Structure formats: structure tokens, C-alpha cells
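Dropping the structures in below, format is C-alpha cells.
The same chain A turns up in both complexes below, where it pairs with chain B and then with chain C.
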Partner chain A sequence: MSYLQLDAVAKHYGSRTVLRDVSIDLKAGEFVSLLGPSGCGKTTLLRIVAGFDQPDSGRVVLEGRDISGLAPAKRQMGMVFQAYSLFPNMTAQENVQFGLRVRRQDATTQQKRARELLELVGLGEHAQKYPHQLSGGQQQRVALARALAISPALLLLDEPLSALDAKVRVQLRDEIRRIQQETGVTTLFVTHDQEEALSISDRVVVMHDGVLAQVGEPAAIYGEPANIFVARFVGAVAELQGVVADGSAGMVTVLGRQVAANRARGMAAGTRVYFLLRPETVRLGPPDAAGMLHGTVIARTFYGALTSLKVEIVGGSDCVTAAMASGDAVNIAIGSTVSINWDPDSPRLLVA
Partner chain B sequence: MSRRTHNLIPGLGLGVIGLYFVIPLVATGAFSLWEGGDKYGLAAYAALIHQPKLWQSLGLSVRLAIQTILVGLVVLVPAVFWLNLRVQRLRPLFDFLSVLPFVVPPIALVAGMTTLYTGPDWFVGTANYLVVPYVILALPYTYRALDVGMRALDLKTLTEASQSLGAGWMTLIFRVVVPNLTTALIGAALLTIAIVMGEFTFANILLFNTFAVYIDYVGQTSATQAAALTLLSFLITWLAMLGVLFTGRGGRGQVQIGGAR
Partner chain C sequence: MSLRPTRPAGPLARSGGLFTLVFMAPFLLYVTAFLILPTLMLLATAFLGKHGPTLHYVAALGEGQTVVAFRNSIELSALAALVGLLVGGLAAYFVLRPGMPRGLRSLVTTFGAVAANFAGVPLAFAFIATLGSLGMITVWFKDIGVNLYGMGFTLYSMPGLVLVYAYFQVPLMIIVITPALEALRREWREAAENLGASTWDYWRHVGLPILLPSLLSAYILLFGNAFSAYATPYALTSGIVALVPVEISNVLSGNVMVSQQTGAALALGMIVVMVVVMGIYALIARRVGRWVKR
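The block that comes next holds the complex of A and B.
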């Protein structure tokens, strides 16, 4: 039985539909990310789980109990918000104790638990500081400790890293995952950052226009996108138009050339497809007749260890991007003609 | 024009304005000490101190100020909280209502109020009745002070954070909202004190002997004592204003919303 079940949840604001019959199951102890662009409904879904918004139809079921009509205060869910949400009049320790104080636990238990959690998030020495004396990253750690203090049935994270700078964001992201694994708390994490979602989740739910675009493990979401939206939204991809030339041989016609793509096997000849190439699967080489496609290098972007080269394909205005070791990329000049190759297992094909 | 002359002009301007305020006060102070001829002393103050009616009127005004603060805050804290949390679309209406006391003349207010507000003797037959117009008079200041204080907090997030931790509305208001509004609440209270201590029209028309009415009465019988009382009244108002200034400075309690530090 699933631990948390969202059953055909729908939500409208006036004439605008925000969620259309969304159903998701979470297993106990699972870390699931809701990933999608702004306005896709992910935050609304999280708020419905938290009880801050009510669904127009559908149910939220936690451990077999329908909690759709339950007030937020009665749901036993810890939440970390995008905005800094610590109570400014309380120290870090008092913030962490707040939920326990509301539950009338004795002072010694409150203090012991607060200290444990502040240690867990690495802020044991900052217990007596007020929020304005803490950095943004520290405030979010305290907020995480505060949410965990009540031993929540579910931990809800509403883009808690988005206000932080890049380095702190990565550190805190990894810590959230470590703490989640240590505590075993079932977690629902909302983000628009694909890297965040892919790096710390057991499963990722990609949302688009109020519906689930794909649900799966991070590797599957990246490697086997179920539709063109997921392919475009998760990771970089070169998107070419193709037509299956020979389903038995795994050949696809792209820009007038027949190229190899094993995923075309079994598809009917003449099927129009999106031919998708991830940058890391593209190999550039000297122009030769054996090249699957040819093109001209038109741009180079240096990322440190990797450099990405943008190549305009001969015979059209389409481009592919190749990510390669910076040491190798140095030898390929902008304006040079190159062959474009890939492993036949690499291209993803989606029926257009 | 030399640089020195250039710097002198603002200083001169400020000096003239300062004199405009200070000279009447010094003159009032000097007059309050005048005992006839070329004799100066504290006779007017001594005479005032021994008049029981002064203390009665002062006590009444202080009591009314406290009652006004309590009623005003009990009505306005939840109202402004709800305005900022849930019904922001009503802000223009609240803004309009809050400035009505500036637009409607006190004489019109008192006429309307005596028709509208009736009730038991302990209310309409005593000075308690003045709390009604005083709350209305203090409304613009109390509302503004609270609204500014609440806008500085991210009320929505704080509310949701406390609710997710299991807190009810009362816990939220008394443990989270009010403690973070200390500056705003003190500001509103001190402004109310300043208004109530100096209010004359309502008390005089409704025949209650408040501090301002007593100053007027003394002014008709003893000019020097009236000057002494006027200074005392100024002193109370200034102390209240100083309180507003000092409580408005520094202190924690401002929530930071977004942005890495």
C-alpha cells in the first residue's frame, strides 16, 4: 500500500485549470521531486498536500486515511518554504522548539530535541542566534530542523534552495538528501531546477500544464523521456525531424541522410519522429564519408572540464550540441567542418 | 558665492525655523513663571499642583488614553492582520476609512455619534463614552503604524509555517505576530496617548472634564497657570513622540524575505 496517495486531484482558479486529475503514489521513506516550469501546478499540488489549498476534486490519502478536509495544523507535516520563514522574534533553538511547544511537550524534551536537530543540520553552535544573525543558508537549515522537530509524517520542501547562491545551494541540497536518508522521512520536494531534482530524488514527477508529463527514476527521466516536453525540459537535447526509413535495420532519415538509431527497430517505415541527441552522446571528428551527418562548428562554450560545441548541420539550419572534454575541444576551431557521429543506441526517438 | 556662504544658508534657514518654534515656547515658559511686576517664580506651578481638579482631569485623560489604546488595538490588530493576510483587495477601502477622521469635522462626528451610539449609563453617562470618538480619532495613526509593521513581515509564510507546525490562530497571533509587531504597537500606543491628551472638542461638547478641557478652564481664570499647563501638556506629547522615535530605531524583528546573505 502506498504511504501517500494523491488520487485524481484537480484544482481550478476561476476559468484557469491548475491541476487536472493528478494521481501520484509515494512509498514510505521515499524522496520524490515535483519538477516543472513556473505555472505547471507543482506548488499548488504541494500546498494541497499541506492543506493550505483545497482540491476541487480528488483525495489526499495518508497511510490509508483521507486527509483532504483536514486543517494544516492537524496534518503533522513539516514544511520548508521558499521564503525565509523563521519567526524573527525567536532564536534558532526557539524556532526549532516551536512545534514541540505547541504540542505541550516538557521543556527538557523540547530543548534536547532542538539541540539534536540543530546538530544534525550543523548549527549546534548557532542555537542562540536570531534569524537576522544567520545567513540565508543557515536560516533554511534551521527551517529544516524545525520542520523535522515534530517528527513529521511527511516532509514538504517548497523550493527551499531557490533563494540561495549557487555554492550554498549545492551544499544544502546534498545535506537535505543526507538528512532525509538518515531520518527516513518521506519527502515531497518542489523544484524547477532539473539538476536538483535529478541529483537527490528517488523518483521525479515531471509536471506540465497541470498534468503529469512523466513519473520515474532520475536516470529514466533523463535517458528515456516519455514525451517531447520532458525531453526538452530535462537536460539539453538536439531535436531533429526524422522519418523511419527501415524499421528492421534501425535506420532513420534525417536531413536527407539515412542514419542509425537502434530505437527505430520495430517502428513502421514512414513514421515521423523526433530524433533526439543528448550532447554527451554526440562525437565530432574530421569530415569523412563515414560520418552520419556533417556540419560546421558555429559556437563554443567553456564550462571548465567540459566544453560544448554548437554545430550547424549541413543541409539545414538545425544544430546539434556536443559536450566534450575541454582538452579535445581545443583542437576544433570555430568555422571548421566536422563529422557528427553517435552510438546507434544513443538517439531517443519520439513519435511526432 | 563662496563655499562657506553656500553652507551657511541651510543652517540659517534651519535656525529661523527653530526660532519660530522655540520663541513661543520660551515666552510661554517665561510667562508661566511670571508672578507680577518683575517677580518670577514657581507660584503658578505650585498652585496647580495643589488643585485636585488638575489631577482628576489628568487621571481621566490617562485612563481614557489607556482604554482607547486597548480598544483600538483589540479592534485593529486582527483587522489589519486579516487585511494583510487574506483580503488585500480591500486595502483601498481600509485606506479610505482610515483617513475619514481627517475629513469629517469633529463637530459633525460628535453630532452623529450621539445619535448613533446609545447604551447603558455606565457607557453613555460616563467619560467612557469618549473612548468611541477617541478610537476613531486615533484610527489613522493606529492603522498606519500596524499596517507598516505587518507589511514588513511576510505574514503569509509565517502563518503557514506556524500552521504546519500545529499552531492555531491564537498561538499564531500571540506568539508570532504580536511579538514581531512590538515597535508598531508601541508607536500606535504612544501616538494615541498624544492625541487623547490633547483632545478638546469632544470632551468639551460632551461635558467631560479632561486634561485639555481643564487647561481651557484654567486659561479663563489664571493665564500663568494656563501657560504652565500648556507646557506640561507639550511635555507629555513630546515624551510620547520621543518614545515613538526611540522604539522605531533598530531592534530585531524584521523578517528577511528571499535573497542570499
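The block that comes next holds the complex of A and C.
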């Protein structure tokens, strides 16, 4: 049985449809990310789960109980907001105690629990500091401790890392995952950052224009995008137009050349497809007749361990990007002609 | 070799200092000419008699009519400030609530800006014309069988003055408290609610404590505004209710007696009251605003 079930949830603001019959099931203890571009409806969905917004239709069911009409205060959910949600008039400890205080728990229990959680998020020594005395990352840790203090049935994270700088973001992301696994709390995490979603989640829900574009494990979302939106939104991808040449042999015609793609097997000849290549599956080499495609290196971007090379394909203006070890990439000069190869299992084909 | 960071030197720093001086000098000059010097002159006048230094005029502040005037002024100001604080604060809160018509806010703000500056004789006349013994509203009430003055109400009394003062105190409060109310973040309310807090819990533990420094400041402003009001009570009560500003006017340009020294002593007393009030404010503000970033 699902722990949290969102059943055909729909929401409109005036004539604008924000959510269209969205249905998701979460298992107990699962970490699920809602991933999508701005305006796709992911935050609205989270706010509906929290009870801050009401769905126009559909249900929110938690542990078999329909909570759609329940006030946020009665849902027993902990939420971490984007930023600046700590009460500025309270110390870190008082912030963490707040949920227990309004539940009229005794002072000793409140203090003990707050100390435990501040230790859990690594801020035991900052308990008496006010929010303005803490960095952005520390504030979000306190917000996380505060959300966990009430032993929530569900932890809701609304882009909690978006206001932090890159290094802190990665640290806190890993912290969140560690704490979630330690506490076992079922978590719904909203983000527009694909790397964040892929690295932290048990499952990812990709949203687009108020509907679910794909739901799956991170590797499946990345490696087996269900549609062209997911392929474009999650990770970098070279997108070429192709036509299945021979379904039995797994051959596709791309830019006038027949190239191997095992996923074409079983497809009818003549089927128009998007021929998708991830950068890490592209191999560049010296130009030779055996190369599947040929092209000219037009740009290089250094990322440290990896370097990406952008190659314009001969016979068209399409480009592919190859991600290579930086040590290998230095041997390929900009302007040089290269062969472009890949493992026949790598290309993902989507019917156009 | 010292590794301590040094202040930037050179033309930029020098020009920065020059700019500060250019902009601050007129202000400092203004404050000196119209605040510090007059205060010193008041101080000197209050302690100088015809035959040299004297405590006579300051000691007279403890006499019957003067004590009544100070008591009335403080009570009236405290009450008028409280009414302004409560009514204006609640009005601003309701105007800013989500879902209120957008035009309502600009309407209230515009009206507030005008009404907060509408005081003195015109305001007194407006109230006499509406709530005086023969005022329009008084007569209307009488026509439907409600005799306001028969029930003990009179505009020319302390309660009447509070009502009139509310006309400019409430809008002033709306203007000064609006930014503080707008600064209450939606996330604080939602976080509180999410953690199980009721509306009362939120206001008790979060909303009001955050607003408290602003409310205290607003109260001091309203108190000072009422405490120094002269034309409105003078035009309305013609001295029936003894108030310090009216007493100062009487001793400086009155028909019965003219005494600059008494006027100076009364003004000095007003300054002392405001200093005491601000001292109390500073003590409370420090306590309730421990969390404020300084």
C-alpha cells in the first residue's frame, strides 16, 4: 500500500491550469524529488500536499486517510522552505523547539529533542545563536532540524538549497540525504536542479506544464528518457534527426549516413526518430572510414577532470558534445576533424 | 611587518570623507541652530530670573495647575497614542491581508498621508461642525432619539480630544506600521502553521514579537505627536482642558500674564517627559529586540 498517494490532483488559477490530474504514489521511507522547470507546477503540488493550497479536484491520501481537507497544522508534516523561514526572534534552539512548544510538550522534552536534532545537523554549538548570526547553509540546517523535531509523517523540502552557493549546496544536499536515511522519514523534495534530483533521490518525478513527464529511478530518468522533454531537460544530450533504415539490423539513417543503434531493432523501416546521444557515450578519434559520423571540433569547455568538446557534424549544422577525460582532450585541437563513434547500445531513440 | 588590514587611503578615501562632510555639515548646522541652541536657551531662560540664577520657575512646575496640565498632556498623549496604535495597526493589518482589493491599499495610504497631516484649527472646526453640540452628526443622532450630549459625551473634554486626535493618529500609524507588516514573511506564518501552530500561537510567539520593536517605535512617535499638539486642542477647548502646550502659549502671549521664564520651564518639562519616555522605550526595545541585527 502507498504511504502517500496523490490521486488525480488538479489545480487551476483562473484560466491557467497548473496541475492536470497528477497521480503519484510514495512508499514509506522513500525520497522522491519533483523535478521540473519554473512554472511546471511542482511547488504548487508540494503546497497542496502541505495543505497551504487546496486542489480543485483529486485527493491527497496519507497512510490510507484522505487528508485533502485537513488544515496544514493538523497534517504532521515538516517543511523546509527555500530560505529565510527561520523565526528571526528565536535562537536556533528555540526555532527547533517551536513545533514541540505549540504542542505543549514539557520544556525538558523540548530542549532534549532540540539538542539531539541540532547535533544531528552538526550545529550543536550554535544552539543559542539567532538566525542573523548563522550562514545561509546553517540556517537551512536549523530549518531541517525544526522540521524533523515534530517527527513528521512526511518531510517536505521546497528548493531548500536554491539560495545557497555551489559548495554549500553540495554539502547540504549530501547531509539531507544522510539525515533522511538515518531518520527514515518519507521525503518529497522539490527542485529545478537535475543534478540535485538525480544524486539524492530514490525516485524522480519529472514535471512539465502541470503533468508528469516521467516517473522513475534516477538512472532510468537519465538513461531512458520517456519523451523528448525529459531527454532535453535531464542532462546534456545531442539531438539528431533520424529515420530507421533497417529495423532488423538496428540501423538508422542520420545526416545521410547509416549508423548503428540497437534500439532501432524491431522498429519499422521509415520511422522518424529523435537520435539522442549523451556526451559520455560519444567517442572521438582520428578521422577514418570506419567512423560512424565525422565532424569538426568547434569548442572546448574545461570542467576539471572532464573536458567537453563540441563537434559540428559534417553534412549539416548539427552538433554533438563529447565528454572526455581532460588528459585525453588536450590532444584534440579546436578546428581538427574527428570521427564520431559510439557503442550501438548507447543511442536512445524516441519516435518523432 | 603588520598584517592588519588598513583603511583605504588615497584620493578615493579622501573624497569619501569630503562627501560625508558636504552632506552632513548642513544637517549638523541645522540641528545645532534649531535643536541644540534653542534647548540650551530654554535651559538658560528657565534658570535665569531678573536677579540672576533661580530655581523658582522650575520649582513652579510642581504647582497645582501645571501639574494638572502635565498630567492631562501625558494621559491624553498616552491614550491617543494607544488608540492610534490599536485602530491604525488593525486597520493596516486588514488592508494588507491577502485577498483584499488592490485599490483599497492605495486608497487607504493616500487618505492616510493626507489625514495624518490634517490637524490644527481646520480639524477642530471640522469636528465642531460634525460632533459639536450643534454639529451635523449630533443633530442626526438627536433626530433618531440618541442625545449624545445628554448621555454625557462632549467634544470639549479629554474623551473628545482623544477622538479628534485619533483622526490624525490612526492614519499616521497606518503609514508607519505598513512597512513593518509587509516585512512579515509569508514563510514564517506557513512554517508556524506547518509545525502545528494556531493563528494565536503564531501571533503570540512569532508575529507580535517580531513587530514589537516597530510597535514601540510607532507608539513613541504617536505619543510625541499628541504631546506636542497645540493648535487642535487650543481651537477645540479654548483652554477648558489644561494641556502643557496651551499653558506655554498662555504664559508667552496670554492676556493675564507674560513670563518667558515660565514658558521655558514648561518647555523644559516637556523635554524631560519625552526624554524619560524615550529612555523607557530604549530599555524595553533593547529587551524585546535582542534578536535584531545591529
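Here is the rule we go by: the second predicted complex is superposed on the first by the 352 of 352 C-alpha atoms of A that agree within 3 Å, B and C clash if a C-alpha of one lies under 4 Å from a C-alpha of the other, contacts with A are read in each partner's own complex, and residues count from 1 in each chain.
To be clear about the criterion, a residue touches a chain if its C-beta (ideal position, glycine included) is under 8 Å from a C-beta of that chain, and two chains touch if they have at least 3 such contacts.
Fair warning: this is a prediction, and the values are worked out from it, not measured in the lab.
With the two structures overlaid on chain A, would chain B and chain C clash, or do they fit side by side?
After superposition on chain A, chain B vs chain C: clash.
Go through the superposed model and pick first if A:137 touches only chain B, second if only chain C, both, or neither.
Only chain B is touched by A:137; chain C is not.
Report for A:9: first if it touches chain B alone, second if chain C alone, otherwise both or neither.
A:9 sits against neither chain B nor chain C.
Return first, second, both or neither, reflecting whether A:213 touches chain B, chain C, both chains, or no partner chain.
neither
Answer with first, second, both or neither: which of chain B and chain C does A:165 touch in the superposed model?
Once the two structures are laid over each other on A, A:165 reaches chain B alone.
Based on the superposed arrangement, let me know which partner A:240 touches: chain B (first), chain C (second), both, or neither?
Touch partners of A:240: none, neither chain B nor chain C.
Quick check for you: in the superposed arrangement, does A:72 touch first (chain B), second (chain C), both or neither?
Once the two structures are laid over each other on A, A:72 reaches both partners.
Just chain B (first), just chain C (second), both, or neither: which does A:276 touch?
Neither partner.
Looking at the overlay, what does A:98 touch: chain B (first), chain C (second), both, or neither?
It touches chain B and chain C both.
Looking at chain A, which of its residues have contacts with both chain B and chain C?
Of chain A, residues 50, 52, 71-79, 81-82, 84-89, 98-99, 102-103, 130-132, 143, 146-147, 150 contact chain B in one complex and chain C in the other.
Using the touch definition up top, name the residues of chain C that touch chain A in the complex.
It comes out as residues 185, 187-188, 190-198, 201, 205-206, 209-210, 290-291, 293.
Sort out for me which residues of chain B touch chain A in the complex.
Touch list, chain B to chain A: 153-154, 157-158, 160-168, 171, 175-176, 179-180, 252-261.
Can you list the chain A residues touching chain B in their complex?
Residues 50-52, 71-79, 81-89, 98-99, 102-103, 130-132, 135-137, 139, 143, 146-147, 150, 156, 163-165, 168.
So in the complex, which bits of chain A are touching chain C?
50, 52, 71-79, 81-82, 84-91, 98-99, 101-103, 130-132, 143, 146-147, 149-150
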